[in-house]
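The letters A, B and C name the chains in turn, as written, and every chain counts its residues from 1.
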Amino acid sequence: MHGLIHESATLEALETPAGTSGASRLRRLSWRVLRANLITIAGVALLLLFIMAGVVGPIVEPHPPDTLYPTAILQAPGGAFPFGTDDLGRDLLSRILSGIRVSLAVGFGSIAASLLVGAALGLLGGYFGGAFDALVMRVMDVLVAFPALLLAIALMTMLGGSVADVALAIAIIYVPIFARITRSSVLAVCGEQYVEAVRAVGASHARTLLRHVLPNSISATIIQTSLAISDAILIEAALSYLGLGVTPPTPSLGALLTEGQGFMTTQPWMVIFPGLALTVGVFGFNLVGDSLRDRLDPHGREG
Amino acid sequence: MRTYIISRLLLAVPTLFGVSVVAFLTIHLIPGNIVEVMLGTRTDVTPQQVAELNRLYGIDTPLWRQYLLWAGNILHADLGFSLRTGLPVVTLLGSALGVTAELTVLAVLIALLVAVPAGVWTAVRRNGPGDVAARLLGLLGLSIPAFWLGTLLILAVSIYLPWLSSFSFVPFLQSPARNLETMILPACTLGLGLASIILRLTRSAMLEVLHKDYLRTARAKGLRGSRVLAKHALRNALLPVITIVGLQIGYLLGGAVIIENVFTLPGVGRLVVQAIEQRDYPLVQSVVFVVAALVIVVNLLVDLCYAWVDPRIRYS
Amino acid sequence: MIGIFRSSGRIALIGALAVAALLGTLPAQAHPVAAANGGTLTIGMTSDALTLDPTVTTDEASGPIEDLLFNSLVKFNAKVQIVPDLASRWTISGDGKTYTFYLRPNVTFHDGSTMTSSDVAASLARLRDPKTASPWASFFTTVASVSTPNATTIVMKLSQPYAPFLAVIASFLTVSSAKFVAAHKGKLTRVEDGTGPFMLKSWVPNTAITLVRNPHYFLAGLPHLDKVVYQIIPADASRIAALRTGQIQFAAFLDPIYFPQVQQLQKAGQVNVLHVLDINYHLLGFNTKRKPFNNPLVRLALSYAIDRNEILQAAGRGQGVISGLLTPALQSWTVPISEYAPYKVNLAKARALLKQAGYPNGFSFDIMASHYLPSDFTAAEIIQQQLKPLGITARVVPTEWGVYVHKWVVRDFDSFTGENGDWTDPDLAMYAALHTGGSTNAFQYSDPTVDRLLDQARTTTSTAQRKALYDRLQLYLVNNGGPMIYTYASYWDYAMSPQLHGYTYIPRSSYQGLAESWLQ
């Protein structure tokens, strides 16, 4: 960000004709700042909206998500049911809020787990090298060779349907990605001279790792985290769409889409709203991730 | 260079072995076997009949023996036969791969056609309103779930272009026109996510290149702006773009699974999902192995390209 | 004018009526003059067939093709009654153990050779051979011996009377040329040599199967159609579109979500729709070896608590009828649901029963359900809600199909929602599912009264006696807390072009009726 302001200010200085007043130049600069930061602002806003919806959902929802209202089947949005009802007379808004909670739980849970395991593996492997590193990397290669969704499908068929199972399956898929990113950053950092200097002075492996290597190699991993969360949410939705996701009655946004498909020509809201909610959340994570990438790694050299 | 190639090839061997074990184990660890799925919950069979069927389908031997049998055949390039249909896996995979390949190629073409010019344009107008808008749109493209977009497109088409929705899949060789009609929507849906990635990549690659000195020299020498752009900037920017497309093959194949499901296309994604459902062991194992091997091979080729271009990598 | 109907006129009239009556009872040779020959019928199919060998067929996509390729000794008519097929007549001995079939002479296989009784015997032997591993062999275990006194007679002796024997033959035995089977070493996945009205011309996997008319079919004048093409169109919406454009002229729909669209096509005059009841029923099944379902009072309580109509409306979208175990599709065997006390929702009675059973505050349990059977999945969700007022917490566990089947096989479930088939005879519908140790008795149900009645009904030869026994069984199972709660039987929509005439719907062999139909 710092760099961007600097650059655009320079360009401005080159392009602004001499004699323009300082006040209008300032205004133009702040407008530039806003525009350049638009992505960050939009991302954070959407993200907050999504997370808030999930967190306050149970308090705010107009009806319990799995209660049937047989007299209100397939109602259009409005009145007691702001987003309409489904074919069993369940309130769509409440089900969407519930689904957002599931997406958040799976998204954060799976990536947190895979971040911890993956970053640890990458850190240790990159730092110590040798046979341990080779073995870990081969295992990661094997996992990465499978298209993520296929692996997820196979894992889900084995595991079962709780939120924890879905999070586990997705975590397994992401461990290799975090491992690789962390490892390549660690390799780059370890090549720097100051690490050798620290070791030469007598610092233990643990101290070197935690105090020096880790903080300097973590930025690429951080960038990946936000994007990985959005991916995880999409994978969970895709699995639910295929019928392999979370146990009902807890609805998942993907499952809501599958339910709505049969009715989409006559009751399109059943398909539009769940997808919209999903897109808002994923978009938020992607925007935040993208602006993080801009700040920490503008030239895309890492990750 | 040669040592690099050899070392990478050698590294691929244990990876492929690991892939084969995972491909084999994942399908066998899922509860339920092919005989159970075949018989369902309505056939009146005795335990002896079940034993006979287990023998017929080769699932009565220990797992390690089944693995060795299958792996041995793979080494002889024999992918086996589908237990469910009796057809050779290679035939089923061939036609499915053709569909998925066509889908991915069309998606890539659409993505390139849209994203490369857009990437160039946004790089040139850096931080202008168009740039920010394009980046936002690009990220939005990555965020829209493929199955939602696909479903919405099907809905829109059925309302506004009803004649388009009546086509079910026709192989390309049978009728190219009908085939493209069925493939256009799924290709656009799949291409959207890819377009976003290519947009960002083109943009950053172009930005790097635009500031290079040799461009200023070329301009100073009097060459016209757009020619400079096309000749030097674009060509250098395209290399990472093309390599990224190769690396995205994993994403594309995964995305294809969902798209094929939404649009009921007979591609590899649907083939594998159905085969898993039916516990068609040879089909799942061989197809998953081949797909993973393809991903490894493509990644290897991409790495070799990088190494050829950037000598520093070779000696690391 | 009235004078015409005096003596001679009256005789003429009676004569005309007699001729008309005679015509009505003649075999299929005599058709209304309107039948036209020729044309190709294209059928829309959801998925590709797996095999052309009925001996090993267990899927839903192969049957439709086999219906037109093969015949059996006997077959079903639209009223699910046994009528002649390859056997023009048969006799059953007084003790019910000897069946003598008299075959039609001059029936030829598709390769031109003549069918004899030894082909029939060989077909049956192959079905029962353990090496074939046919899932249907268990229905023929009572066959003690088979003999062929001459080329058109075959005699089967059973070890004990087995009332559903003719139904079993009609459903599972088909006749193929013994020489052909031997020449192909029993591998009949992609080849056939039957006696049916159509023959295999080509099979493009996952695309289409083409059959052509058998010019030597043993029913003269049939079939009328020249070709039948089974076109694979997986998506229901695409099949509807194909019907609209005339690309296909016949398609079956079982998912009630699509019925409104199909009926729209009918209103527009583009198709005729047969709205028929399938021989299937939906159920909630219990594992009677697990608490609390080991107590029949609990099962009965749930039967009183569940609102079957609500399930039919929501899960079946109203496209079905509430049914007991033997559905109305089985015509004469059905017991009217008015005789089932628990079919009227009665929460008070349910509560009383639960209290009596020792669960005054309810309990919790799992319902295994699969998205593979979508309406049964929805039914589980509805049942979950319906049981809440009783303090019962039901958890719906979505289970992938293969895992579902596995758990069903190893009996690892509390309860499940699903579908069951009635086959074509009450014994086939009930024995294996309800007898102690029955192979489809996943409920692990065991009741000596039920066992006794089932054994009796299976060996009784009198239809009237059997009906009485099965009536008793059905009432007993529903009113005494049997292992299953039956909810409804669902409709299918068969959509066909208005140009298709002469089609008769026969339950479970719905494509056989195309042998007599024509396009005009």
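As a working rule, contacts are C-beta pairs under 8 Å (C-beta built on N, C-alpha and C of every residue); 3 or more make two chains touch, one makes a residue touch a chain.
Source: prediction; values computed, not measured.
Two chain pairs, A-B and B-C, are weighed by contacting C-beta pairs, with A-B ahead.
Central chain by Cα centroid: B, whose mean Cα position is closest to the mean of all protein Cα atoms. Put simply, the C-alpha centre of subunit A and that of subunit C have 50 angstrom between them. The distance from the centre of subunit A to the centre of subunit B, with each centre set as the mean of the Cα atoms, comes to 22 Å.
Subunit B and subunit C, compared by their mean Cα positions, are separated by 42 Å.
Residues of subunit A in contact with two or more other chains: 157. Multi-chain contact residues of subunit B, defined as those touching 2 or more other chains: 30-31, 158. Counting partners per residue, subunit C has 400, 402-403 as the residues that reach two or more other chains. Those residues of subunit A that touch subunit B in the shared complex are 4, 8, 32, 35-36, 38-39, 42, 138-139, 141-151, 153-155, 157-158, 230, 234, 237-238, 241-242, 254, 257, 261, 264-265, 268, 271-272, 274-275, 278-279, 282-283, 285-287, 290, 298-300. On the subunit A side of its complex with subunit C, the touching residues are 66-68, 70, 73, 87-88, 157, 161, 243-244, 247-249, 262-263.
If you check the complex, the residues on subunit C that touch subunit A are 255, 257, 310, 313-314, 317, 371, 378, 381-382, 384-385, 395-400, 402-403. By the touch rule above, subunit B contacts subunit A in their complex via residues 11, 14-15, 18-19, 22, 26-27, 29-31, 127, 129, 132, 135-136, 139-140, 142-148, 151-152, 154-155, 158-159, 200-201, 204, 208, 250-251, 253-255, 257-258, 261, 269, 272-273, 276, 288, 291-293, 295-296. The residues of subunit B lying in touch with subunit C in their complex are 30-33, 36-46, 48-49, 52-53, 55-56, 84-87, 91-92, 95, 158, 165-168, 171, 264, 266, 277-279.
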